[in-house]
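The same chain A turns up in both complexes below, where it pairs with chain B and then with chain C.
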Partner chain A sequence: MTAAPTTKPAEKPAESPAAGPARKRPGASRVWLGALPLLVFAGVCFGLPVGALLYGALTRDDPATGATAVTGEHLQRSLQGPYLTSLVGSVQLSALTAVIGTLLGVLIAQAVVTARGGALRNAVLTASGVLANFGGIPLAFAFVATLGISGVVTRLGRLDSLGWNLYSFTGLAVIYLYFLVPLMVLVIIPALDGLRPQWREAAQNAGATSWQFWRHVGVPVLAPSLLGGFVLLFGSAFAAHATAAALVGGSVPLVTLKIADALSGNVLVGQENVALALSLDMIVIAGLVMAVYLPLQRRSSRWLH
Partner chain B sequence: MTRNRFRANGRLVAALALGTAALTTLSACGAAPEEDASSAATATSAADLGGLKELVAAAEKEGTLNAIALPPDWANYGEVIKAFEAKYKVKVSVENPDASSSDEISAVKSRKGQKRAPDVLDLGISFARSGAAEKLFAPYKVEAWDKIPDSQKEKDGLWFNDYGGYVSIGCDAGRIKTCPETFADLLKPEYKGKVALNGNPTKAGSAFGGVYAASLANKGSFGDIQPGIDFFGKLKKSGNFIPVESTPATVEKGETPISIDWDYLNAGYADQFKSKGVDWKVAVPADGVYAQYYSQAINKEAPHPAAARLWMEFLYSTEGQNLWLKGYARPVLLPSMTTEGTADKTFVTKLPAVEGTPTFPTSEELDKANADLAENWDKAVS
Partner chain C sequence: MAALTPTASAAPETAPRRAPGGAPARGRRRPRVWRGAVLALAGIYFVVPLLSSFVFTVHIPNQGFSFAAYTGILSADGFVRSLLLSLGLAAATIVLALLLAVPALVAVRLGAPRLRPVVEIVCMMPLVVPPIALVTGLTTVLRWGPDHLSRTPLYQTFLAVQNESFPVILVLAYTVLALPFVYRSLDAGLRAIDVPTLVEAARNCGASRLQVLWRVILPNLRSSLAGASFLTLALVLGEYTIASLLGFRPFAVWIVSVSGAEARMSVAVSLLSLLITWALLLALSRAGTRAVAATPAPPAPSVPGKE
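Up next is the complex of A and B:
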């Protein structure tokens, strides 16, 4: 009894270094070869810019001598005063629109999934595909024409007397939702399709109410997709620039607008490195959001095993 | 199977979207400038090359001029370029017409020694000054050098002002009963939700000029732009100020019925929209008179040094200056041309009326105003 277990483990290690890796190695190198184009692509298209960004954010060229020195000055400035306000403003706007977008998107998607007939589903999916990519200056002008100060809807509905102002935080949130909600619909419909009707029937047979079904089955199963959708929406809103630039200028502080001002303006000189530092801040914030999302996703995906 | 279905697919996209394209300037080194251009590259005046004729010959030999950031509908640049190309056998290629001054400077830096580097630059004044300090420009004195007022040029010719205008208030007379004529007028309740700037003043030169002028109108000075910022804060609070950036499109649509902008742009809109039924009136506010000029400079390592110098000679010739005038911009030589009688009178009379002579902030004042604006503008209007 005692002899057998001791000899077996002793045999195995003796065997595996000789045979195991030797057999594995050619296979492993081939796998690496296959991934090489991806790695090169990622290195060139993401690694290089990030490296240059880091370099620019952390160094400073003396205009007179041309000497380069390492400095934390740009990062420090990017976390002060109006720059900090813009970072906070961006996070607030993105988080708010991502939460609302996730909720509305799921409700619409659920309505589409449970509706009878494929026509509605096809129409909503097609429309979502188009609208999710409708952004930038065309979108801004579409809103100016309908909901701007002299916009058609504003004047018909006398919205300005109700306090409506397109050129504000609220106005911007409404515009962002215009492309975020369709995006969420697109992302979440496959997940909702995956909720088997049998699970619901089983829950009902066991006496569960609709609330209990969603509380204990539906939402836990959907959680990874919901979280993924939220992170996607947050990222889209966080990185959006053109729409806001055309609409609100400097009056709603957003970090992408600040970067553009610092990077390519006709007024402020020598702000390029602060812009790079701000970009670095954005990467860190996006990284933090991912860092919150990944463990949560791992936890919730336990339900699926 | 089921597991795959539930996998979230949006994980990477957020990160991807943030890969800012800010660093597209990582371009590799190109070919060095040609050797035979060396005499033009160091010429500080046409006389250095043996006169204008030799300069023309050298420029035509090069055949090309790389310009950057010259919008055809800005101060009549479209016609200026056409006239230059018609007069000399030099092709002007304008890269990125809507680029900003800092884009121009970074193009000079990132394409050092390349054939596609810009030869000539049209810069906002703070960039002309910082570029000269960074030794990016070649000194050059055009033939009309002595006629350029001293406050409008760098003494060695590293940069010299070209055209400019006054901060003005444009107004859609079809939508506004009485057009505002001063900054004080803009505070009136009848202009609620109607007053716009051409852009964000921390970014756009014309909007910056608007704030500077508003400061002068409110007991501020060149060294103190804060009253101007406060003025727009007040406008924002009263609901008069709308943050939408006025463009020809918003002017035409009536979304920005009152727009503070350079007088040459506002006057240009008046012309442009007459046929479309927009009655655009332009007034230079008497309480905040502020003029600003843009500057010309030659890239020290211009790939076409002779063409660059010829371009300058053309811009500062009577013909070039009158072409700017035709675009409602005030050319820097206008005072001397008025005394000589060479200024085109039909266009001089079309310029919005201004009293007094313009004064200009010093480098230090401008830097301080920029810094104050960057610090306090958002707070005032958000």
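Up next is the complex of A and C:
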């Protein structure tokens, strides 16, 4: 519902300048009607659930009187005890995997960009495109077969005697990197391409060392893309649910698992509102992530394209 | 792609100059070793799980090799039903998402430029809401049905969208999730063509509005339409969170449910689904030169769909 009303004021003034002097077409003023189904759909199928989520997270029904009152109680509870632990666990896992994913992704992308073979580049790009989308259930089972209790690599390397456990924080981090690193490669390759060889030449002609070039030219120009990529990885890991659900069940505290538990009634009745509040917490964090990412992406495209 | 060409053509020209410039012998050899090591390690990390999955499915310790995990898939209980359900949901989602997005994006370019940021924000909003948060909102809304609306005709609608054999509610939710992908893909395609001029030319030649859309705009968008459809297909086939929490049983949910009793088969099906996705992506990138440029686009919007 949030989307539909906001568009109303925008539509009206849009008609007249659109039909303006340069392009006068019969019926052009009604062209915006084409966007109406999309806006209505988004209002009903996206705005309504999100609105219901907000409403449920912020209000409480009094069972005796049936009256509804605004309350911060659910939000407060979602930031305490095991719920807080799960939020912190999710943020930690996402931050850790995003840092490692960013570093590894940049290393691989740089190796691909500096190599001169077009075939290698295409192969890496295609593979990254596939692997970055290889999340969810199939990924979890591929890793169960590899590093699970009776996984092939676990048996070959006798990893279990070394204390390896896939169904843990570390195990999840290893799995998440499987789609985060390719994602970073895809995000950062255009940025690395944008570093013109001429800039390096100019720096060398001015007597700069390789280190000085990266310190004063390369990294500052790449910074928005790097940070943008990091944030994208963070958001991706933070929203992930299926992999963890198929794998660890409840042994690693993650906010998505807690929400799923509360929704499917695996905990005490009456926790639904806490699930809504937890979802709201997630939206706030993901919103912050996007608020950082989108401007950064715009800024980096100004430099690099 | 336009940005790449000058860089690529500049590279051979600058390469010989760089070598004599910096540390000559070391500067040439070291990056090559470093590059090889990085790529080799990355290759191992990304190939080993795939290889191990395959070995896991065909080799049983102490018993030897067997392809039973693969031959048993087709006859497995629920496999065909869940796969058909997923494919049906994917087809419906693709049709709905394109029907909503194409007219909106074309309209925004033609006559309502002020609506453009609104449409962009509406299409990008699902990026901010993780699927699990969307499904909590959806369950809340769906609960209104029995709670408040049981005497109104709306209640029938609530029941109909949750029909077990074809859950429309999943199509609606998946369309929401797919909007960012579809928007980016179509936006990139539309940016490459001058929509107002094309439409004006076609209209001057006497084409009706529908003819313009069908015979002029859509053919020019073929590769972005294919890209958007492919991404949506991949998203719907792999989606687990929403379907499982709403209690439906499409493909991804089926794999999980079968994993307890038939671990090998669940891995085999996972591996096959990866190979199919790979084949689809390759086919897409071969489909047209413009589609190749669009290939890097998929992952960026995959943020929220990632599970």
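The working rule: the second predicted complex is superposed on the first by the 229 of 305 C-alpha atoms of A that agree within 3 Å, B and C clash if a C-alpha of one lies under 4 Å from a C-alpha of the other, contacts with A are read in each partner's own complex, and residues count from 1 in each chain.
By definition in this document, contacts are C-beta pairs under 8 Å (C-beta built on N, C-alpha and C of every residue); 3 or more make two chains touch, one makes a residue touch a chain.
Keep in mind the model is a prediction, meaning the values are calculated, not measured.
Shared-chain residue A:A123: touches no atom of chain B or chain C. Of the two partner chains, chain C is the only one that A:I108 touches; chain B does not reach it. With both structures placed on the common chain, the touch criterion links A:D261 to chain B but leaves chain C unconnected.
When the shared chain is aligned, chain C comes close enough to touch A:Q204, but chain B does not.
In the overlay built on the shared chain, the residue A:T85 is in contact with chain B alone; chain C does not reach it. In the superposition on chain A, contact of A:A52 is made with both chain B and chain C.
In the superposition on chain A, no contact is made by A:A69 with either chain B or chain C. When both complexes are overlaid on chain A, the residue A:F238 reaches chain B and chain C alike. In the overlay built on the shared chain, the residue A:N133 is in contact with chain C alone; chain B does not reach it. More residues of chain A are touched by C (comparison of chain B with chain C). Judged by the document's definition of touching, chain A residues 45-46, 48-50, 52-53, 56, 141, 144-145, 150, 187, 190, 193-194, 232, 235-236, 238-239, 246, 259-260, 263-264, 272, 275-276, 279, 282-283, 286-287, 290, 304-305 lie at the interface with chain B and also at the interface with chain C. Residue ranges on chain A touching chain B, taken from their complex, read 45-46, 48-50, 52-53, 56, 63-64, 81-82, 85-86, 89, 141, 144-145, 148-150, 160, 167, 187, 190-191, 193-194, 221-222, 224-225, 227-229, 231-232, 234-236, 238-239, 246-253, 257, 259-261, 263-272, 275-276, 279, 282-283, 286-287, 289-290, 293, 297, 301, 304-305.
Those residues of chain B lying in contact with chain A across their complex are 2-3, 5-11, 13-15, 17-23, 26, 99-103, 106, 124, 126-127, 129-130, 133-134, 193-194, 197, 199-205, 208, 236, 242-245, 249-250, 253-255, 257, 370, 373-375, 377-379, 381-382.
In the complex of the two chains, the chain A residues touching chain C come out as 3, 6-7, 10-11, 13-15, 17-19, 23, 25, 27-29, 31-35, 37-39, 41-42, 45-46, 48-53, 56, 104, 107-108, 111-112, 114-116, 120, 125-139, 141-147, 150-153, 155, 178-179, 181-183, 186-187, 189-190, 193-194, 196-198, 200-201, 204, 210, 232, 235-236, 238-243, 245-246, 256, 259-260, 263-264, 272, 275-276, 279-280, 282-283, 286-287, 290, 294, 304-305. Residue ranges on chain C touching chain A, taken from their complex, read 3-4, 7, 10-12, 14-15, 17-18, 21-22, 31, 34-35, 38-39, 42, 45-46, 48-50, 52-53, 55-57, 61, 99-101, 103-104, 106-108, 110-115, 118-119, 122-141, 144, 172-173, 175-176, 179, 196, 199-200, 203, 209, 231, 234, 238-241, 244-245, 252, 255-256, 259, 263, 266-267, 269-271, 273-274, 277-278, 281-282, 285, 295-296, 298-300, 302-307.
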